[in-house]
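The same chain A turns up in both complexes below, where it pairs with chain B and then with chain C.
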Partner chain A sequence: MKKRFRKISGCSAPALRGRKRGITGGLGIRRQQAQKGDTPLKYARFWDTAKKYFREVKRVKKSLLPLVFPGILALFVWLPLVFLISGSLMGSEELTENLAPVLGSAAGQVQWTLLPRYPTLRPYVELLLDSPEFFVMFWNSVKITALTLLGQLAVGAPAAWGFAWFRFPGKKLLLTLYIVLMLMPFQVTMVSSYLVLNGLSLLDTHWAVILPGVFSTFPVFIMTRFFQGIPKGVLESAALDGAGHLRIFFTMGLPLGAPGVMSAMVLSFLECWNLIEQPMTFLTTPSLWPLSLYLPNIGPGQAGLALAASVATLVPAVLVFLWGQKDLERGIIAASVKE
Partner chain B sequence: MMKLTQLIFWRPSDEPRPLSERAPRLLAGFLAVMVLCTLLSRGADSLTVPKVTVENPVSAAITHTTRLDGTLEPQRETLVVTVSGILVDSIQAQPGSQVEEGDPLFTFNQDSLEKALLRQRTQLQKLRLEWEGLKNAASLEDKQKALAYDRAYEDYSDAFDRSYDSLEDARKTRKEALVALREYYQQHQAVIDRWTGGTLPPGTSLPPETDEETREILSRYYALKGEYEAADEAYEGAQDSRRDAWKAAQRALEDAQLALDYNDSARQGEIAALSCVLEEESLRELETLLNEGGVVTAPERGVVSQMLVTPGQATTEAAAAMVAGEESGFLFTAQLTQEQLEYVALGDEATITLPGNRSVKTQVVGLQNVEDGQGMMTRLTAVVPQDSGTLGARGTVEITRKTGSYNLCVPVSALHSDGSKKYLLVLEEQETVLGAQLTARRVDVQVEDQNETRAAVAGALSREDRVIVDTSKTVREGDRVRLMAS
Partner chain C sequence: MGFKKKDGLAGLLFLLPSLAGVLVFVLLPFGDVVRRSFQEAMSGAFVGLRNYQMVLSNGAFQLAAGNTLRFMGVCMPLLILLSLLVAVLLHSRMERAGMLKITFLLPMAIPVASVVLLWRAVFHRDGFLSLLAEALGGQRVDWMNSHWAFWVLVFSYIWKNLGYDMVLWLAGLSGIPSTVYEAAQVDGAGPMTIFRRITLPGLLPSLYTITVLSFLNSFKVFREAYLVAGDYPHTSMYLLQHLFNNWFRELSMDKLAAAAVLVAAVILVLILLLRRAWDEGEEG
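Coming up: the complex of A and B.
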């Protein structure tokens, strides 16, 4: 009841509760008076209620007005996602009809509706129960992503700790090299990576994608920023208490730099989960392909399946993002601050 | 212990937890669902992917076995023919009944038989009398014709003599006229040559100054010349008359000669004699029938296939009954379609299975086209020994024909049809997302020959190819399949 009322009026719950009490209490007195035969009181009660209602509407309008423009912009951002979800709930006939210009079977432009005319879960059933290929690729993605993240945790975190707290010759140069490598797109290092992986006989194995990811410089860069943020006094106190480097790293560094590690992991997860170029370049056996290559392998008559697969692919990314949302915001901020 | 109690009696907090805190659990739940769905999709896939059985094409001959149902029919049927026009009293053997030689088939009416015998005797007597009369007439006719010939010959001789005399007279007259003309000419040659000389045509008027003597000489000359020409003409006529008379006499003689060679009465007599022989034979037959009490018997052992007489009705010239003899064996007959005829030929070895699992090896002895109600069929016949079965028994004939060796033979179940095109589905290993998977690849082939089980094919196929011969579900080109566990 509360929720329903809140939806209708747009007011806050306490305000509504108070208003409700006022109206019902007033009505009780007025009802008693009316039963006695005092009819002009009816009109007075009506005018009181109407005034209160319009006053409340005006207040709500004032508070919502600044949100209108960002809301419109947000609508444009959210529209593809809405289309994706609504499309995944459409039947194949409806999808074919809507996407006819794209599929080449009709002229004009693509038609789309916010809500499906005949909602169905058939694409999801087909995807989840009748597409073993999807799961092969899904678990390939899980494997690649999990091993890459574990590798980054095992290799990147100590490296970042070293960059943050150790002094050694060429440290700045090495960090600059890390940044340069971080900024290089995949196309630049593709050929050299290919030659190296071929020399190591790792081509057409998952390691061809995992190992370059494990030694990625971007997580090191982010974690370095966070480790540098740990107060120096805390670490020095630990050292005075007799803690060694490893103990300081595991008991002080990692817990205090956990937001940074988490932030790096979330960003790496999103990157690994959406890898396309590396698998296409280094993996030729279809059974090794990750989920990001599933959509290109779906035929034009399987639009529903493609949309359902997109939603299913999106779910882990969204959940991981939500999981590390707070840390990720800090990580992005840390990455954006230039040394 | 405390923790365990808390865990057991754990209740969700009333306070809503933020989504970021629930995200790990949701992610774990999502992964758990994906594990479950992975198992389910694998299970569904294993249920939906058709299981197939494969075979490699082999080099083999195609054996065409033609099986036909048929019946035993008599190899020969004997007609029972008896005298016509006699009433049938009773029938002892119905159609389809087995009879031995001498068994009664039917019995004539005794009175009718006796009357027929009497009629036959009378008829025979009458014929004999006619024959005697014709013999006498023939003798008389011979004499008359001999006399006519003699007369014709005499006429011929007389005509020859008479014509000769006439011709001789004419010849003499002509000679005398010629002699007279020549003598007169020699006597008055100068006068005749001066006036005629070949230039003055006969009958030309003489000039008025011609003297009387000259006129007389020329007149006499022309008269003699006319006489000669008339005699010559008479001679020519006598020659023609002689020729005509001689020819007429000769023809008359030839006609008489021809008449002498042909005696119609004698021929009629011979016919009557032959009729007497036939009637005597019929009479003997009737007498035999009468002596046997009017019973007609079976001529041999067999089955009465048809009884064509009816009690109370007279017999006709047609056969009275038909007996299918068993002593010469049976004919197995069956009908072939035009497609089956392709693999059956005269002389092919045939195995006939008859009731009681009796198997007879024989040969196809006849293939005859017959018009059936449903179209043109071919009737197959094979001789079966006498002791193989009984008349009318049903059996099955099996004729086997083996072709030459074909290079690629596959089971018929492997053949698929797409309109008029035939194709095979061949296993092909493809690298897919699910790993190395077996898929069905279409190979168009031409069927060179086939029987009920195997087909000889030609096309882009080798003996190493694994041809799908049996499937648990319908398989189309490109479908994933898996091998059925042996």
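Coming up: the complex of A and C.
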């Protein structure tokens, strides 16, 4: 408690001074009062700072009040993660004992301890050494996600450049079309995708999931927004220097629009890693499934394995999220602003 | 907008690979679906609007469409208000709220599949929620197989989308110039007055977009519904998406085509409304 006090007061004293200056900046009377308080006498100054610190602690406590409710809501996010991680570190006996009623193997009530009583890495060892299908599905997920993202980059970035920097007949209509397609849920295009994939004999191959993903119009839209934000003058001067369109795109457009490309890629990654409907509809062979379909199909007898696999699926997505969180936010906002 | 007006051709060339893919994978096949929606599945004979009549009078379609509408009617106001509340609270203490902001966005990154087992453990008849209910003097409920299933779905949707909407609200909040607030404070306006007179009107343009984007995100709640309850969940959470899936499995292409066109039309109207809202927001 003492330590916390020191920490709070220590770090916020400069902030307090800054704040006072901010308030008093516009009001001459208060500034005078503040100056009067700074007596040159050493001990008086000590008491003055002590009082300030005390007031500051009170202020911090009060200032955190609005965060209490969001803090309680945040438990709904943290508790599931704690459950997953602690569960994945329990031995199968402890886990079965805890979850028996839910898994259908015994009557009674579930129970849970925040930390495993007998922590073990065995579920992970089992997952990594004894479940070859996990590796197959993991690589399926990696393959689908990587190829989709690469394709979106190769096809979508030039398209976004075309939308952002050129005038051509029908542009407005085409952009509207892209927005409409981006907002359509999978169920609307499910039949049409099925028909074309069937016609190209791509059903039950990874391409059935990858190709429609590559031509998703969502990343094009996001990247267009960011490319439009590049200052016009830079590009115009490059064009005056005789740089060709391709050169301008590669040497200026892509580097300057990199935040937009990143936003699109982060959002697409989270989407691809979490695909359910597409693989479920177009992939009938289980060995082709991505992780997101494999997990729910692990039998109830293997709860430990299922939890370890859940965590293993979760980790890449959370890492990408934490790494690209700013890009993600920018992307969400970019998608909502009117062009 | 472009730096060389006459180079429209170059612009089209940049666009071409993407446009070709969209044509082949989306537009042409969707045209085919529209054609099929007027035909009999087997013979291909033109039947006019009969497929549409069949879909609209289908009991499963009525149930699914009703549930989907009810789901949206309940969860969207809830989500929008809750995310507004959280955004306003966080915005007032932004310098200390970074961690909370990340927390609320996190469910966007959590694969649905990872929480399936957890959801089962929570909402099972002998699960954690029943435990809590008993502790509070209630009874055990089989949450997934009763009318509560609908609320489980609402909870899942809000859990997943709160951060998304919150970020949009926060963007709207930071778009209100701080000078306006300062002026109001100088004039002696209290926090409630400031909120009612400045914050809410300033957020109105955000409200339109957030509503439409929440609506479109609500179609993704099917993932949770499917993973937790399978193909035939409790009737209170039987959504259009389940129906599409089941018709797909039966390969009833005629009904599926007509239903796809119907849903596409409804969504198209909504998007056009959104664009109008955008335009009005610009004028105002």
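Following the convention adopted for this analysis, the second predicted complex is superposed on the first by the 264 of 339 C-alpha atoms of A that agree within 3 Å, B and C clash if a C-alpha of one lies under 4 Å from a C-alpha of the other, contacts with A are read in each partner's own complex, and residues count from 1 in each chain.
Note that in this section a contact is a pair of C-beta atoms (placed from the backbone, for glycine too) under 8 Å apart; a residue touches a chain by one contact, two chains touch by 3 or more.
Everything quoted here is computed from the prediction, not taken from an experiment.
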Which of chain B and chain C A:211 touches, first, second, both or neither: second
Chain B versus chain C as contact partner of A:169, first or second or both or neither: second
Chain A: partner with more touched residues, chain B or chain C: C
Contacts of A:325 with chain B and chain C, given as first, second, both or neither: both
Chain A positions touched by chain B in one structure and by chain C in the second: 320, 322, 325
For the chain A and chain C complex, residues of the former touching the latter: 63-64, 66-67, 69-71, 73-74, 76-78, 80-81, 83-84, 99, 101-102, 107-110, 112, 154-156, 158-159, 161-169, 171, 174, 176, 178-181, 183-196, 211-212, 214-215, 217, 220, 228, 232, 235-236, 239, 245, 249, 270, 273-274, 276-277, 280-281, 291-296, 303, 306-307, 310-311, 313-314, 317-318, 320-322, 325, 328-329, 332-333, 335-338
Residue ranges of chain B touching chain A (in the complex, touch as defined): 19-20, 23-24, 26-27, 30-31, 34, 37-38, 40-42, 44-45, 48, 431-435
For the chain C and chain A complex, residues of the former touching the latter: 1-5, 7-15, 17-19, 21-22, 24-26, 28-30, 32-33, 85-86, 89-90, 92-93, 96-97, 100, 102-118, 120-121, 124, 126-128, 130-131, 159, 162, 164, 167-168, 171, 206, 209-210, 213, 216, 219-220, 222-223, 226-227, 240-241, 244-245, 248, 253, 256-257, 260, 263-264, 267-268, 271, 275, 278-279, 281-282
Residues of chain A defined as touching chain B within the complex: 128-139, 142, 285-287, 289, 297, 315-316, 319-320, 322-323, 325-326
